[in-house]
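Presented below are the structures under discussion, each in the form of structure tokens.
Consider the two complexes below, in which chain A is the common component and chain B and chain C are the respective partners.
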Partner chain A sequence: MGAAVRVRGLVKKFGNFTAVNGLTFDIEEGEIFGLLGPNGSGKSTTLLIIATVYKPTAGDVEVYGHSVTKRPDEVRKLVGIAFQDPKALWVDNPYELLVWHAMVVGYGLLDARRAVREIMEELEIWEHRGKLFSELSGGTRKKVEIAKLFLQKPKVSIFDEPTAQLDVTTKHRVWEMIRALKDEGRTVIVATNDMTEAERLSDRVGIIYKGSLRALGSPAELKDRIPAGDVLELRVDGALGEHVISALARALGTEKLNVSNGTLKAYVNRGEEKAAIAIETLSRLGVRVRSISIKEPTLDDVFFYFTGAQLGEGK
Partner chain B sequence: MRGWAIAIISLRDLERFWKYKWWLAALVTMNLADLFVFALIFRGIVRKDILPDYFLFLAPGIASIAAFAAAFTIGREVMMELRRGFHHYLLSLPISRSELVVGRIAAGMVRGIIYQAPFMALLLALLGFPGIRGMALVSLATLMIVASMSSLSIAASTLVRNLELQATIRSLLYFIAFFLSNVFYPESIIRQRFPEAVYAIIENNPISIATTIYRHVFLPELAPSAEVQLLLAKLFLWTLLLTVGGAQLYARNLER
Partner chain C sequence: MSIWDDLRALALIAFWDVRKLRRYTFFLAMRFSWFLLQVLVFGLLVANMVSVGNLDYYKFYVVGAFMAVLFSMSMVKGHDVVEEFEDGLIDYQLSLPVKRRVLAIGRAVGGGLSAFLHSLPMLIVVLAVLGIESLPAALALAFASFVFASSLAGVAMSVALVLRSSDRLDILMGVSDSLLVRVSTIFYPIAAVSAVAAYYYLAKVNPLSHMVDALRLIAIPEVVQGSTVSSAQAMIAFLTGFAVAAILSSLVLLDKKIEGGYGR
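Let's look at the complex of A and B:
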């Protein structure tokens, strides 16, 4: 499949502030693409440009070959967005807002009412249908916002922080619903600063930091790119001699090994392959392995590695 | 441009119009008080040789003010949307910018026409049916005044990002349009009491033009010399200027 979205040299400035600085990447048709980055990194600005809400200062985005600058009307027919901050005015009620949204995206009135009821029941907000938006909790407002996209089902669905403010059960339900969009062949873009969400949902992840793309690939690929990112932890019978440690270091291709209290830790790439090599090497040297575990780096580690960001920087 | 897209955009604005019931009630009360309190009192005060019946003189002006005031409320919606970031949502919908802009202006127009309807009915009850030509003239004037005022208020609400300044601009425009008009005072008095420049502003204010057309239709003796074709041409120019300019400003200012 080809690219659904092509971002080329995208720049967005607000006065002297550069929010997005030369982004270039593709989003493949039918994938869930995670845009990962801290608050203020330029994620939302990028999404708003793809959704034709903002105009780029330089560069362009193409959605199924339609440029956001040259053919924005065509782009809007293909793209839908659920915003980070739910968009409604205090006098709106969720039901009216969603029925109206459904009609704008092409439903007839009766179909709109039926579809809105279904999605509101699925997200467990039907009981709130007649309340003023100002009376709703943050989580319910968020559900109303994402319900718009599940009604619309555009070819490219953009979710900006879709599960922020949602409880754990609903979060998992929403993830399932997002995966269902992908299963229907739709392209999904999820912006998040929740590493677990990015890892659980995304086929590929783009890490964006201070307006620039710092890394792009599947979560597994990105983890593998961290030098010696996996930790092999081996518990063995008896003490390990120097010759065993040297042989193991050579076999695993790493110098980062340490031993304490009968536990050996080796810092390697591609932990699963190296675990087999470690067991084979130790068996050959007559060392009995009692247990072995592999700890992969998390996306947190990936993020810190590629951005060079420090803990506490976001404060 | 697709008609249904424009209609759906307008529909939302209309639904919202009815949500401010108490505010609407206050607006109607204010306009009715202008007529049934202010005008009735002044009927006994104003010299009969200047105005034989101030109540009847004011009635067409109130219909004009009603259309203007209701059409102008659309700008308040636009301002609130900007404040809450709701315009981002509107900009992301699968409709073209021109459909969005025309839909919003049309919503202001429909608000003005609906709100004016009871005042127009009152005029018909008080002054009688003015004939087909008369009603056509009145309808044309109404359409143009609601289109121009809806566009003006929408444009004013997006001119600057500072929300306080935005509200000030809208209020200022409202008061200029309201007070620098011939709704409350006859032309002869305005000409006597105000400098020529101010008189020119009052005479060419779109609300004054619409009011003069209404008066010409309903009370020909009050505006016998009105050159209706010239007035319609002037109002058309205002409408063209304000709708085209307003639409462009709205579309341009919404997008960053």
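Let's look at the complex of A and C:
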């Protein structure tokens, strides 16, 4: 299968701020592509350009060969997006809004009503159908937003943080529904800052940070790309000073150290051997080690390795 | 996509504005009460104080008051658009599988239809006060009001999309309401303002003068015959040009310039 979406040299500026800075990548037809990055990294901007909501400052995106700058009307027939923030007026009621949406994307009235009922029941929001949008909880609003895309079922479905605000059970159901779109041969793009979501859903992941693409590949490939294959995780008493971190980096022979919430992570080769060195070094410096473990790298580690930042980090 | 698909999409987009009627319940009740007061109390008082030749100023005033309401209701559509921008709803609409020109025309028609429906109770009052019993005249008034409202709503929405700020829009709407309504023939016959050259010429080129006098020609031709801003043919030509310009500017704006991202 070929590329469903081709992003080439994409740049988007808002005044002096560069939100997206020269992105180039392909999204293959029929895959679930995860776009991973913290808030403000340029994920949503990229997705909104693919959905023709924003116009690129430079570069282009092609969806099944149609350019978003030259043939946006054609692109919109192929792409649908569920926004990060649910889009509705406070006076809307979910049922009427979804029926309207279904009709705009091509359903007849009766089919729209039937399909809306089905999707609302599946997402367990049917009992909220007659309420005002302003009366709905954050989770229910989010379900209404993603219901739009499950009704539309475009060739390229874009979900911007689809499970934010959803409970665990619903999160799993939504993941299943997203996988079902892929099983129908549709291409799915999921922007998220949830590592579990990216890992569970995505065939391939693009790591985006400060508007640039830092890594691209399947979750397994990205983990393999960390040259030091083990993650040493240490919990210590008290705060770790700069001199301790520097000494530890020297002793372990790595510059990839990450300290967060009293936990130090070091990306190293030969974890068992380096664990002993770490304990010895810290003891010598008077730091008491509470626990130490050696782990396989997660996507979180991959993200840190390629960006030097953590996902919780905002703009 | 066939022309029928486009027309279907246009109707659905237009319905977006119409379905929001219930959010205006209180606003409409206030407007309607104020209009009744304006027509049944203030209008009668003013008509007794003003004399413009043989003109029945009360009838002249009633149509003017309706036009002022229609203008105001249409301009409110600009506020709707700014609010939708703030709520991200314009982003949502820009993402729908609808041609941008269909979206532009649909919103203008929907805005016009909704402004017209908001003004309908007032139009019924006008018909009753003026004693218009002819169905063709009533339908012609309704149709003309709808067309004018669509043109004005299209302009208001375009301006709102450019300004993207409720504060800036408020200022502009306040100024335009003061200038456009006053420097027109909405409340003063063209003959009465001819003494002030600048006022006269501004009123002559003001689309609202042409709109209100066109409504008067339909509603009370015996009252305004020979005292409108232009001849019937000239008014039709002017208003057609205005509507085409309004729609074209909306189309170009939405198709070429507008993108999502309120506050970006």
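Points worth noting:
The criterion applied here is as follows: the second predicted complex is superposed on the first by the 243 of 315 C-alpha atoms of A that agree within 3 Å, B and C clash if a C-alpha of one lies under 4 Å from a C-alpha of the other, contacts with A are read in each partner's own complex, and residues count from 1 in each chain.
As a working rule, a contact is a pair of C-beta atoms (placed from the backbone, for glycine too) under 8 Å apart; a residue touches a chain by one contact, two chains touch by 3 or more.
Since the model is a prediction, treat every value here as computed from it, not as a measurement.
Once chain A is used to superpose the two complexes, chain B occupies space that clashes with chain C.
Using the contact criterion defined above for the overlaid structures, shared-chain residue A:Phe303 touches neither chain B nor chain C, since it reaches no partner.
Once the two complexes are laid over each other on the shared chain, residue contacts for A:Phe159 go to neither chain B nor chain C. Applying the stated contact rule after C-alpha superposition, one finds that A:Tyr267 touches neither chain B nor chain C. In the superposed pair of complexes, A:Tyr95 makes contact with neither chain B nor chain C.
By the touch criterion defined above, A:Leu48 lies against chain B and chain C together after alignment on the C-alpha atoms of chain A. Shared contact residues of chain A with chain B and chain C: 14, 48, 51-55, 72-73, 76-77, 79-81, 83, 85, 87-89, 91, 96, 100, 103-106, 154.
Against chain C, the residues of chain A that register as touching in their complex are 14, 48, 51-55, 72-73, 76-77, 79-81, 83, 85, 87-91, 96, 100, 103-106, 152, 154. Against chain B, the residues of chain A that register as touching in their complex are 14, 48, 51-55, 72-73, 76-77, 79-81, 83, 85, 87-89, 91, 96, 100, 103-106, 154. Residues 1, 9, 12-13, 15-16, 19-20, 22-23, 84, 87-89, 91-92, 94-100, 259-261, 264 of chain C are the ones touching chain A in the complex.
Those residues of chain B whose C-beta lies close enough to touch chain A in the complex are 5, 8-9, 11-12, 15-16, 19-20, 80-81, 84-86, 88-89, 91-97, 255-256.
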